[in-house]
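Below you'll find a set of structures to go through.
Presented sequentially are two complexes of chain A, the first with chain B as partner and the second with chain C.
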Partner chain A sequence: MSAPVLDIANLSLTIGNTPILRDIDLTVKAGEVVGLVGESGSGKSMTAQAVMRLLPHAARPAGRIGFNGEDLLTASEERMCELRGDDIGMVFQEPMTALNPVKTIGEQVAEGIRFHRRVSRAEAEARARDMLERVGLPHSRFPLSRYPHELSGGQRQRVVIAIACALHPKLLIADEPTTALDVVLQKQILDLLRSLVEENGMGLVLISHDLGVVADMADRITILRHGAVQEAGETATVLREQKHPYTKRLAEASVHVPAWANAQTAPDGDNRLLELEDVARHFPGHRTGFFSRGEPVRAVDGVSFSIRSGHSVALVGQSGCGKSTLARMILALDRPTSGAIRFDGMETSSLDEHALRPARREMQVVFQDPYGSFNPRQKVLSSVAEPLHLMDERMGRSEKRDRVTEALVEVGMQSSDMDKYPHEFSGGQRQRLAIARAIITRPKLVVADEPVSALDVSIRAQILDLFAKLNDDLGLAFLFITHDLTVARAITHDVLVMDHGKIVETGRTGDVLDRPASEVTQRLIAAAPDLKRAIERRSKKIT
Partner chain B sequence: MLSYALRRILIVLITLLAASVIVFAVLEIVPGDPARLMLGMNATEDAIAALRQQMGLDQPLIPRYFTWIGGLLTGDFGRSYTYSVPVIDLVRDRLVVSLPLALMALFLSTAIALPVGIFSAARRGTAADTGVMAATQLGIAIPNFWFALLLVYVFAVALRWVPAGGFPGWDAGLWTALSALLLPAIALALPQAAILARVTRSALLDVMSEDYIRTARAKGLPANAVLWRHALRNALIPVLTILGLQFSFLLAGTIIIENVFYLPGLGRLVFQAITQRDLIVVESVVVLLVATVVIVNFLVDLAYAWADPRLRRR
Partner chain C sequence: MANGGIEGELVATEHEDWRRFIRKALANRSFLAGAVITLFVIAVALVSAIWTPYDVTKLVIADRLQGLSSTHLLGTDHFGRDILSMIMVGSRNSIAVALIAVGIGIAVGVPLGTYAAAKRGVVDEVLMRASDIVFAFPALLSAVMITAIFGPGAINAIIAIGIFNIPVFARVARGGALALWPREFILAARASGKRAGLITVQHIVPNIANLLLVQGTIQFSLGILAEAGLSYVGLGTQPPAPSWGRMLFEAQTMMTIAPHMAIVPGFAIIITVLGLNLLGDGLRDVLDPRLRRQR
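Coming up: the complex of A and B.
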């Protein structure tokens, strides 16, 4: 076997006096995919940045990062500039912000080519065009003159990959390249990365918190925790045998299904809590001239469904299918262009803000990002108590504290937490706080927009448990908006599949996911990473 | 892009129309007879009636507005009461001093602020950065009229490099005229430069922590190349906003500075016109200043679209 492209030995790193990485060993051979797995704060990204030597100023690395025999930790900055983008490429997590908004995609892909190869602009642009074609952005539809804001998230990630792979690097580091994308786009991007590995024989370090993705892609896997390697080896062996307790915990958490008493025995009856009738929302089209606009965008196009009290319903679909627009209308944050929305006996789609108060009290929301949904300068008490102003009776200070305590205990936090600030909590704890805020008015419906997709697998399992408990104990109805089918399977009775503004399939969650009827659902299921399936496939390949 | 520009022009026209109505209303409709006000307490009724007729105050309101606005459009601003010459001539004579002064100050403040801001951002946290930022703090704190006096004392009185005040006119030669404007321009520009440098620095630092800067670094570009090629143009957007606002401040600032340096500019004209209650002159100059500010903002809007392609489709 040839010498490894990347050979990290005893890599340690401190920031100030805090050790971030401890004795990391990692090797990648040409044409090999190595998965680097761990939860947030485990040091995955810091390891990648150490290889690129794009660390925060205060970071002090030690050890050795061998790249084709050369130690990158002792290389000069000039030498690193030669290597970056030429021999070592990197793809980042957040495609929406990874491209410069004021430069065309052509400029951004060609820039690295011109810098490293000293070729003419025309030559660099020709190569950029080829590379964009290679990543699935044909020149006829995506000319070099496009700006990033004219592309979707998946398309932008392709541009980032084109930048990273333009000069056929020997090593590509992909840091959570698909975490921000829906499952269908994720599969496309992973397929693209795999084919680039096979074509060019490059080594790929795939960083992910998703065991399913890594099991599917990686030949070997390294599991990190608290900045140290827990286990490393052949992907199939490591994940099948699960010898290390932490590996076992991760694997179990990622296929976790909460104990949920109401799962089979959904409360029956014809009590329709929420009812949508032929709801549509159109947005004005782009300007095409001074006075003219293009065709209106039909974000939501004739949607009808209902949710009964105490039921948990998933709304699934690819990004851009209209899920979030629909959710905004249900929450009465936006009004439908046509159609009616009835909630708890009120026609919310035609009420004014004052008349909406009782409805607002009865439905609450939990957002995806546990970091962005709290005011950092407000104590937990004020943030969680916020929806109480919707109650009719004025509430005294002590009563408010009682209500907050009750809500905090319900989500597994302590009453002493109410006097802390949001930054004192981890992402998972913040999501609990967000849920506490949502249930404090004792609502009948909670709309949760991708409530676990930003969380680590173990935290995710806990939050799913919490949702199950709240449904059992309080009889809350849920609408989960997600592109993650495992969430739908774990915690919902019924599922609605949405595509291009329309509901294309509905039914009991288990039935729909096991026997999908529509092409859209089939595509979603096929693209969803599945840990068990991936391990089986890998094991077969080896034997 | 063309349709963006056309829509901006439409907004400029509407703003100008609204501004003209407001200026007209304030000076003509508010209580008190402008003619009586201008002539003072001891004026005879005949003199007031004559002035009322000269100002067209005996006409009904709406036609008077249209006469006035029509006059503005054709360059007939009316006659100054105190100077007894057409206002347009007065304004033109003064504008050739004030406009070059404001432009010079704007140029100086940009020419100082951008390099200083970029320098500071590129060396964030170093002693040089701290020193420069402390200096800009001082630049903001010093009132420009006091700084103007200091400049006069050092460069005109002590060193005798430039005149202490007055304006010889452009006929005296380009260099002579410019050197008379130099100190006032520096006095005007310095506080603005200090603000602009701080804005440039913080905008650049904000941009430097963006994900796309990391992408550019991962391409192999050295840190400085990334700053120039990727960060600067993104950071220009807040800088342009401040620059547009500053031009208006510079125009207003000329009133004080022209008095300090005895420059026969627009600022002094307005100042004198107000003390002499020459409302026709005040009205005309105010409309002119409003028009200038609106047009500068229009240019800033165009510059936005140049800097940020996302705005071009709005």
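Coming up: the complex of A and C.
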């Protein structure tokens, strides 16, 4: 093929005196997908922002960003405005915030067309309609007059892609376009991006922390770390040979399975720690009139299962299937509309807050977002010690500190960490602190809601190791809520597959994932990015 | 040894946070200007408690209506009282009334607002509609009404102004609390068996303190204006205690002979309100989490 669409040479960037990027080289040809991989803080997004010239004020770039022979770093702001959205499109990670909530989707897609092409409103809307149709939002079900809040996350990301691709850009930059979506939606969005690349012959820079996704999509791959390129080349070659030690480390961390003694020898017996019987949770439907409401939403619809003590169970399903609602009811943060939840011999679904205290002591929770899990104005000591509130006897200050120390050491942190504030820790460390908080009362069950999906792969591997260790050492039972099947496979004995508020399949994790019986499970497995499979497929394509 | 290390680190981090705040605050001009003016006004008020150039209750008719001079820096009024001394003592009244009124607003409004946010549903609806009703009345007019019924005086002025601060703080507190309740650290606290009241005290209030502080400075300046307004119509601080609002009223008839009698207290009100507004604006900029360094 001819000259590359994008040709970044020796791109360096500093903010203040801190170097952010060092000598980045990256080329993208027309019709080519280039994956930009790295962990948080590696400079992936900063590179993308440099191409769009949407850098923070203090950033000082140097080098050359060639776009069709033009140097974008020296181009005028006026010229950049012409290019952005017309020749260069961008898709962001968070579909919830990338759209303007007070404008209809039609307006937002048509806006760029009208601005760049100076066509009439009617024509812009006609084009917008075509584009939305193209990204899988047919006019009959998704008229231009819809507002973003009426759409789901996956549908919104389609709108974002429609905006970015409406003018057939020569280059599309997609910054973690699927990180906020579940695997099934991720697959659909990736398929859409791939077909748009083939159709329009545009170049695509796919930024991701997920090697599996990139291996599946990208022709070539560039691996970044600390703002510098570690390795670059054909995806198949780079990932098969794993010459560079960092590439190897990333690849290993992505498929990491913790050493877990209890993996095969799950504690036996019939002691049912948690038992759900025909549990349902309905939310009132939308108001249709002053006094009338629509059909109630059945978020959880007749769920029954049990967890034995010391067992680790995965609850998998697409987003919106009712997993988190179910988790909140198990944790007695919400009450079921009907049905019964028994935990450790107590019927928690009917107890008041005071009577719940013994049950609360025995079950704790770890959330997805390590940044939102802590009160930013409290020291780690107070946050981690919070569940000690459930103990019957009041604890002295020194005893409290001892308990916190014990918990911190257990999760691989130090006792001196308790006097720091949450913002002094990284995401992975905060997730350890969240786990320390969850185990401080020595509970029997920990409910973990997507505990590793916000973490980098290497950190993720460490946290999975920690969960395995806690199960081995403390005999903790886990309920992992996740849409990530590799997590389920790595760390659970049994799996529950949920869809539209119902449990559709249960069994040993290995059995279910290897021989899925239900259509839902098959769909989940087919959509899950798999590094090994992707590398094999790529290698075959070349030879 | 180890323990000493921990303590040392602890001090260092707190110190650092505080230093970062100071650095940002000093770089913010409106904060700086507002803080200087406000501190000056407060200092004047404090000084007036122990010393004023002249006794403000002593009438020296012989010295009446003097202009600015070295014996009476800001001149004298129609009774021969020293205007500088009256301004000083008046600042004490204004600040006391406005500050206590803000205190009433916070003491009643914040619990109401956070309670509404914690309970939601009917409780929330009733409390917020009640605050709408209070809001719907023009504040100063209703304050005039209250003092007209219960009699003029500083205490009743405080109560009247305080009542109108309540829904302001209730709304700010409720809004801030509503945004916090779905956060994960609140869920974790609930999973630790903490009741809504305890969660509000430990988690909600510290995280909305910034909002309340900024609102507090704004209400403070509005309180000073309201006190001046009430005194102007004779319903606030009663003679012989001097008050800025009444000084303006008394100056009205002397405008052509002694304009300084109106200009000086008017200027005092402007400076104080301006200072507090600048302080509030500056504080908001310094504390606004959106402008903060991403953590």
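Operating definition for what follows: the second predicted complex is superposed on the first by the 543 of 543 C-alpha atoms of A that agree within 3 Å, B and C clash if a C-alpha of one lies under 4 Å from a C-alpha of the other, contacts with A are read in each partner's own complex, and residues count from 1 in each chain.
Note that a contact is a pair of C-beta atoms (placed from the backbone, for glycine too) under 8 Å apart; a residue touches a chain by one contact, two chains touch by 3 or more.
Worth saying up front: this structure is predicted, and the values here are computed from it rather than measured.
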Would chain B and chain C fit next to each other on chain A once aligned, or clash? clash
Tell me which partner A:Phe115 touches in the superposition: chain B (first), chain C (second), both or neither. first
After the superposition on A, what does A:Glu393 contact: first (chain B), second (chain C), both or neither? neither
Now for A:Gly89: first (chain B), second (chain C), both, or neither, which partner does it touch? first
Which holds for A:Cys81: it touches chain B only (first), chain C only (second), both, or neither? first
Check the residue A:Ser383 against both partner chains and state whether it touches chain B (first), chain C (second), both, or neither. second
Partner chain(s) touched by A:Ser416 [first = chain B, second = chain C, both, neither]: second
Should A:Asp369 be classified as contacting the first partner (chain B), the second (chain C), both, or neither? second
After superposition on the shared chain, which partner residues are touched by A:Glu353: those of chain B (first), chain C (second), both, or neither? second
The answer for chain C against chain A in the complex is residues 2, 5-7, 9-10, 13, 17, 183-185, 187-195, 198, 202-203, 206-207, 295
Counting only contacts in the complex, chain A reaches chain B at residues 52, 54, 77-78, 81-86, 89-90, 92, 94, 97-103, 108, 111-112, 115-116, 147, 149, 160, 163-164, 286-287, 289-290
State the interface residues of chain A toward chain C in the complex, per the touch definition above. 331, 333, 353, 356-357, 360-361, 363-365, 367-369, 371-378, 382-383, 386-387, 389-390, 415-416, 419-421, 423-424, 434, 437
Once bound in the complex, which stretches of chain B touch chain A? 3, 6-7, 210-212, 214-222, 225, 229-230, 233-234, 307-310, 313-314
